[in-house]
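In what follows, chain A forms one complex with chain B and a second complex with chain C.
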Partner chain A sequence: MTQAPNTQALDEHMKEMVLALHAAVNRAMPHLKDDPKLVDQALRDCEEILDVVLEGNVSEWLAR
Partner chain B sequence: MNIVVCAKVVPLSSVTIRIDPATRRMVRKDVSQELDPQAAKAVEEALRLTEKHGGSVTVVVMGGEDATIGIRGALAMGATAAIHLSDPALAGSDALGTAKALAAAIRKAPFDLVMCATESSDSYTGLVPGQLAQLLGVPPLTFATSVTVEGRTVTIKRQSEGGYDVVSAELPLLVTVTTGINEPRYPTLKGIMGAKKKEIKRYTAAELGLGPAEVGESGAREKVLTVGRPPARPAGTIIQDDGEGGKKIAAFLADLKLI
Partner chain C sequence: MDKPFTDKLEASDVPKMEAEYQDLLKRVLAIQADCEIGGPHLYVRTILPTAPSKVDQLIVARTAAEEADHYRKVARLAGEVGLDLSHILSRPNQERYVNAFRGTITSWEEFAVFGFLIDRVGRYQLEEFIGCSFAPLDRILPDVIVEERAHIEYGQNKTAEFAARGGASKEKIQRVVNAWYAKALDMFGNSNSRRSERYRHWGLKRRTNTQARQEYIREVNPLIEAMGLSVPDPNVGREFV
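Presenting the complex of A and B:
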């Protein structure tokens, strides 16, 4: 099944967001005990991404 | 300093890799992909060097259309630009064909340093960096656990069995980095949004001056003959300690000529 072009762009954007969240969590997890500063930063970065996703301003994401 | 990072886009680490029995190649179609975690370490090291010494980081990736997500990942980390070698004529290239395509793309712009992972985390051949250095006519400094640059001199700590060797050479050159060299940064929201504005140049095999005798299935000199699961391990030997356990273990090790 072929995706509609705008759905494909949205799909790619969401994949990038999920990969970024995944990478942030992977970076932070080994340092839960030894580097709270790094963990805090990763949590803030995850929160920032999730806030944008929850805001759901799709037209803005795709306009960039 | 213009740094070129050769990267690969591979199936997500959470994906169970399947081999197509007909082609004996990894199934990549409709499989979620990401920037190879090994290549991400080369990108990270390149970014650290340019943050210290100035310059640019260009990522070169050979792969199908779905490699774009991995390329965007490298751009979101902070790479300046990217080159995507995407052409059905390149599909099925062996390591040498891949090195030829990468070398042709790299030669299109001036470069000082080429960085690669020691090996990719899907096929693990580790052949491309050495071939690439030969084709570019630059020395390869391999297995780097650290990289420093002073003027035009690059010095690495080269991982060895007993520790490391310190190796230096003058730019231009190629460096391969090991798994332990760094922890790559992850793309932030700002990085993801910024990456959308960065240029991805695309080249076909013809634009690289490469024909079917050099790249693709027809140009490949390596052939995968068989693919199979490793043989099951034989059951281990259990020695019950009835007071003679130590002697039995010593005899077992002596049989293996380990003691």
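Presenting the complex of A and C:
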């Protein structure tokens, strides 16, 4: 049985997006009280990344 | 019944297995991946922007990140046995395998109860695979289950907070618990499922649908009562029994 096409590439791309999400959350958490702009930016980043994940346009991701 | 299968397989062993094993393994991986990404599809676009505080918004984002990562891990395993699950990422909610993932979560109360009740079923489903015959699946479980436990705890705490406020808040959370309790019990599947027996035969699951559902009921009912809420009638709103 051969591996499905793009298994490795999709895994790596997803991993990057998940890491970016965690980075945004971790950047904001310590600054909830002292830096609302930073928190708002992190939340916008999360929404943007999650939009891409949920759109799931895999062929476009892998063509980059 | 023929002798249960007890070997431990790697992805490279799967092509040598009977077609039934390959089919069941691929099916269970597809359903698991579908449920993992199905959660964020239910709540990210509606709840992330509207959660009651910034910290809650960040927790929603972190929860979605963890579920997306669970999807990634399961889809990777499926890919290694020749099954491409990339299309599941963008599948419309109405086409999800499991009924609980076919709608949209539109209130913070629903998000709380989803964590409390539905992520708990998710934990049960993952626990089915502990020690399973497909060793790569067994190996990803510890980290995934730890994260699911955190989602459950958060949802449970938020549900308890709504109940503790009393009045209209308690009435609303009771209605939400009633609706999701039925969906949670249905997630365990049909009590007379032949496929459930074959999963057990091949060492892909440990319990029958009925056993897992009963264990869930024994765990969750006291938690609902401890919040001062009523345990819903287990026969109301059900698709499967």
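The definition used in the following text is that the second predicted complex is superposed on the first by the 59 of 64 C-alpha atoms of A that agree within 3 Å, B and C clash if a C-alpha of one lies under 4 Å from a C-alpha of the other, contacts with A are read in each partner's own complex, and residues count from 1 in each chain.
The rule is simple: a residue touches a chain if its C-beta (ideal position, glycine included) is under 8 Å from a C-beta of that chain, and two chains touch if they have at least 3 such contacts.
Given the structure is predicted, the values throughout are model-derived calculations rather than measurements.
*Asks:* Would you mind checking whether chain B and chain C clash or fit side by side on chain A after the superposition?
*Replies:* By the criteria stated at the top, chain C and chain B fit after superposition, with no clash.
*Asks:* Identify the partner contact of A:43: answer first if only chain B is touched, second if only chain C is, both if each is, neither if none is.
*Replies:* second
*Asks:* By residue count, which of the two partners contacts chain A more extensively, chain B or chain C?
*Replies:* Between chain B and chain C, C touches the greater number of residues in chain A.
*Asks:* Please indicate which partner A:32 is in contact with in the superposed arrangement: first for chain B, second for chain C, both, or neither.
*Replies:* second
*Asks:* Examine A:54 and indicate which partner it touches, taking first as chain B and second as chain C; both and neither are also allowed.
*Replies:* A:54 sits against chain C, while chain B stays out of touch.
*Asks:* Can A:16 be said to touch chain B (first), chain C (second), both, or neither?
*Replies:* So A:16 only meets chain B here.
*Asks:* With the two structures laid over each other on chain A, which partner does A:6 touch: chain B (first), chain C (second), both, or neither?
*Replies:* second
*Asks:* Report, in whole Å, the shortest distance between any C-alpha atom of chain B and any C-alpha atom of chain C after the two complexes are superposed.
*Replies:* Minimum C-alpha separation, chain B to chain C, in the superposed model is 9 Å.
*Asks:* Residues of chain A that sit at the chain B interface in one complex and at the chain C interface in the other, please.
*Replies:* Residues 15, 17, 24, 42, which sit in both footprints.
*Asks:* Taking the touch rule as given, give the residues of chain A at its contact with chain C in the complex, in rising order.
*Replies:* Where chain A meets chain C, its residues are 1-8, 10-11, 14-15, 17-18, 21-22, 24-25, 28-29, 32, 36, 39, 42-43, 46-47, 50-51, 53-58.
*Asks:* Taking the complex as given, what residues does chain A use to touch chain B?
*Replies:* Touch residues, chain A against chain B: 12, 15-17, 19-20, 23-24, 26-27, 42, 45, 48-49, 52, 64.
*Asks:* Would you pull the chain B residues touching chain A in the complex into a rising list?
*Replies:* 32, 34, 68-69, 72-73, 76, 183-189, 191-193, 196-197
*Asks:* If we count contacts the way the header does, which residues on chain C are in touch with chain A in the complex?
*Replies:* Residues in contact with chain A: 11, 14-15, 22, 37, 40-41, 44-45, 48-49, 54-55, 57-58, 61-62, 64-65, 68-69, 71-72, 75-76, 78-84, 86-90.
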